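One chain, subunit A, links the two complexes that follow: it is found with subunit B in the first and with subunit C in the second.
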Partner chain A sequence: MGNYTFQWRQALRALPQMLDGALVTMQIAILSMLIGVTIAVFLAVMRNSKSRWLRAPATAWVEVARNTPALFQIYMAHFGLGSFGIYLSPYVALLAGIAFNNAGYLCETFRGSLRAIPSTQLRAGRSLGMGPATAFRLIVMPQMFRIAFLPTMNQMVWAILMTSLGVTVGMSTDLTGVTQDLNARSFRTFEFFALAALIYYLITKVVMLGARLLAWRLFRY
Partner chain B sequence: MIEIENVHKSFGSLKVLKGIDLTVAKGEVVSVIGGSGSGKSTLLTCINGLEPVDSGRILVEGVEVHARSTDLNKLRRKIGIVFQQFNAFPHLTVLENVTLAPRKVKGMSKREAEEIAVKQLDHVGLGDKKSVYPSRLSGGQQQRMAIARALAMSPGYMLFDEVTSALDPQLVGEVLDTLKLLADDGMTMICVTHEMGFARDVSDRVAFFDQGVMAEIGPPEQIFGDAKNEATRKFLSSVR
Partner chain C sequence: MFETSLTLNDLMFMLKGAGVTLMVTFFAVTGGTLMGLAFGVIRAQFKPWVTLPLAFVLDIFRSVPLLIQLILANAFQAIAGYGISPFVTSCIVLALYTAAYCTEIVRGAIAAVPAVTRRAARSLGLTWRQDMTQVVFPMALRVALPSWIGLTLGVMKDSALVLWLGIIELLRASQILVTRLQEPMFILLVAGAIYFVLSFPIARLGAQLEKRWKEND
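Now for the complex of A and B:
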């Protein structure tokens, strides 16, 4: 243990490359959240539906997304679908895997939030002549997003960190991929991964700050 | 005109309405009084189609509310309803609460809708609260906002479902005053209410509901002065 000599210079020289990787990481995380949130809204509505045919697929989605490892989900998107001749690139497979996971967790978050909104809100909308979808979109959904905001941000952080699993399906352009590559060429494992960890930390901080600003802008009431 | 013909309605095994007949003419104000569970509020939600009926029919301007071919969303534009719980939309300002339906349901421009909303808010005395969120309003103000919101759709009929029951006593007056203004303007109104003074002063007719039946209906002087029905007399002496 005592004879490892730290060499930070090499790691710092690779910083621009790593920051490029960080951008890819952020891009995947944010896209996976946008897709995940959109799907989760539909899943939440489906799970609250009276029809079995709507409830069943949504429940299945949530069960798989929440009760299997995220690594498995990303693996299936790349290699699993690959066995059926559907080829998703590492980037797309990683994005799909995380979006799948996000949707499952967020569905339950949204469903809990929906319970907190009195049914009389929907009724008030309907009695003003709105159809059910319009009343949901204009009256229920905005309130749901506010209640769900903090747990959704948890999932956002989780999505950022999950992107590191992309390396298992051959992802080489995100932060972990780039770091892994540099490590393989230099064997400066500690330095590179310590720097990567710091960058992950900073990414989550930046994204959370952005989210806070968004919340401040959106939730004025 | 609202025509209610032999309407029956139950929730499970509980019979809430047992054959209601009532016709409300254009410009008429009818108050509905009676004990809780007598079916008064259910009747209102049947009139605007929020609740289905088991049998009988309700016609609003000749359109059968519960007919399959009836476009309820369209019909509801003509029938404003205000609930006991104000149901303010908490994520929208007072002005946005009032302009939402005119814009999204009637397709008005923002400007047009705001013009109407401002007029209605001034009318109910909330002209200075336009940019405030409902959480900053008192119960009475929230209820007046709900009235303005319904009126902004320019309905031909207004249904009021115990609109003062959730209010602190000192706030009841301001809401009743708003209703009186509306009645004076010639609005056709059905008011389910526990405010006997209001029912007596403002209504053209007062209906007494007892266990899902309309036990008696008549001009306020008759109902409050010389009720024919035993149950009506008993109820009135208990609330006085």
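Now for the complex of A and C:
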């Protein structure tokens, strides 16, 4: 093991700072999911539409989001937009990149769920006098969310893990950013990042457990 | 916008980076798949509580960000004084990361083979080995291959993170060019196009396979 002395106390003393970072991480993950889900619903409807002009942009979004690295998408938001004189802060760039990625993946999840809902459901809604938008919102969407609930929660875990990429564009307030900051000051790389890994692990476990409980509570009948 | 100082040499530099991306992916996926096959068979063959420690360890690789895994592994090999190059460290970490996902794919595919089919094979006098290679493998392959293709593409995309350890792969190469040429949008678009060209046809193939094999079921 060489002659390295582990200094865990130093890492533990930084725990409150890192937990603050974890809150920022959660904030970005939740925001990116809210934006991602909203866009994904529209993308899913657009991809199922008959009009080519609606389908093409949605397909392009989904294919780009799914066939390029998430890090590339964040780089595009942070460095790429600079070509047009738009300079996003690391926070906004990270959020935009992850939301873009989430929307692409969730669109496919939602499309799959939509396929599982019989078309008679929508028609029954229409025959009760609802407009197409109302019928979709009140009849189809709740069923869609129910089928897509666990895959969506998986995406949430992905979003949490993806927030760690922010450090590559200079993010310094989320969990990885704070850890990297502490590391740069002390060179205790292993101790700090091991603690960060533990926090990430606990966060993902709590989110998954929460999702299971929520699914059990919501979809009992 | 329509003129660029990106030369053919720069493009070659990016393609060389893409080569590194593919090389990391190749080693990671090869190692990860071999480990995943072994672990997956173990997970499918023994009772869940026996393989709980294995499942727990593999789950860690899926619950901690890959970037942190890379940083930790690199720091650890430095502390331990192994003197492994960042390239090899990245390949090992990515291989373990791949193995964690591959294990679940293999386990699920084996579980998808009906137990009665396997019992029928055994009652015909096939040994466990023959049952595995001649009954389970062909049937499980159909279930596993589309997900495995997805996993391989995922690893290719995630391999971009090795740039943090100073390896000049496709994204890092383009970042270097961006710093020099100051044309971030154009150069990143080229990098994105290379990733897309590598990933999209194979993703399509996977989707095609999945659809075709579902019809035969």
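Definition applied: the second predicted complex is superposed on the first by the 209 of 221 C-alpha atoms of A that agree within 3 Å, B and C clash if a C-alpha of one lies under 4 Å from a C-alpha of the other, contacts with A are read in each partner's own complex, and residues count from 1 in each chain.
FYI, a contact is a pair of C-beta atoms (placed from the backbone, for glycine too) under 8 Å apart; a residue touches a chain by one contact, two chains touch by 3 or more.
A quick note: this is a predicted structure, and the numbers were derived from the prediction, not measured.
Colleague: Have a look at where A:Asn102 lands relative to subunit B and subunit C in the superposition and call it first, second, both or neither.
Modeller: neither
Colleague: With the two complexes superposed on chain A, say which partner A:Arg146 touches: subunit B (first), subunit C (second), both, or neither.
Modeller: Once the two structures are laid over each other on A, A:Arg146 reaches subunit B alone.
Colleague: Thinking of the overlay built on chain A, is A:Leu161 touched by subunit B (first), by subunit C (second), by both, or by neither?
Modeller: After superposition on chain A, A:Leu161 lies in contact with subunit C alone.
Colleague: Name the contact category of A:Gly131: first (subunit B only), second (subunit C only), both, or neither.
Modeller: Touch partner of A:Gly131: subunit B, not subunit C.
Colleague: In the superposed arrangement, does subunit B or subunit C reach more residues of subunit A?
Modeller: So, of the two partners, C touches more residues of subunit A.
Colleague: A:Gln121 contacts which: subunit B (first), subunit C (second), both, neither?
Modeller: first
Colleague: Spell out the residues on subunit A that touch subunit B in their complex, using ranges where they run on.
Modeller: Subunit A reaches subunit B through residues 118, 120-121, 123-124, 126-131, 134, 138-139, 142-143, 146, 219-221.
Colleague: Given the complex with subunit A, which residues does subunit C contribute to the contact?
Modeller: Spelled out, the residues of subunit C in touch with subunit A are 60, 63-69, 71-72, 75-76, 79-81, 153, 157-158, 160-161, 163-164, 171, 175, 178, 183-186, 188-189, 191-192, 195-196, 199-200, 203.
Colleague: Residue numbers of subunit B touching subunit A in their complex, please.
Modeller: The touching residues are 48, 50, 73-74, 76-77, 79-81, 83, 85, 87, 89-92, 100-101, 104-106, 133-135, 146, 149-150, 153.
Colleague: Would you tell me which residues of subunit A are touching subunit C in their complex?
Modeller: 1-2, 4, 63-64, 66-72, 75-76, 79-84, 157, 161-165, 167-168, 176, 189-190, 193-194, 196-197, 200-201, 204-205
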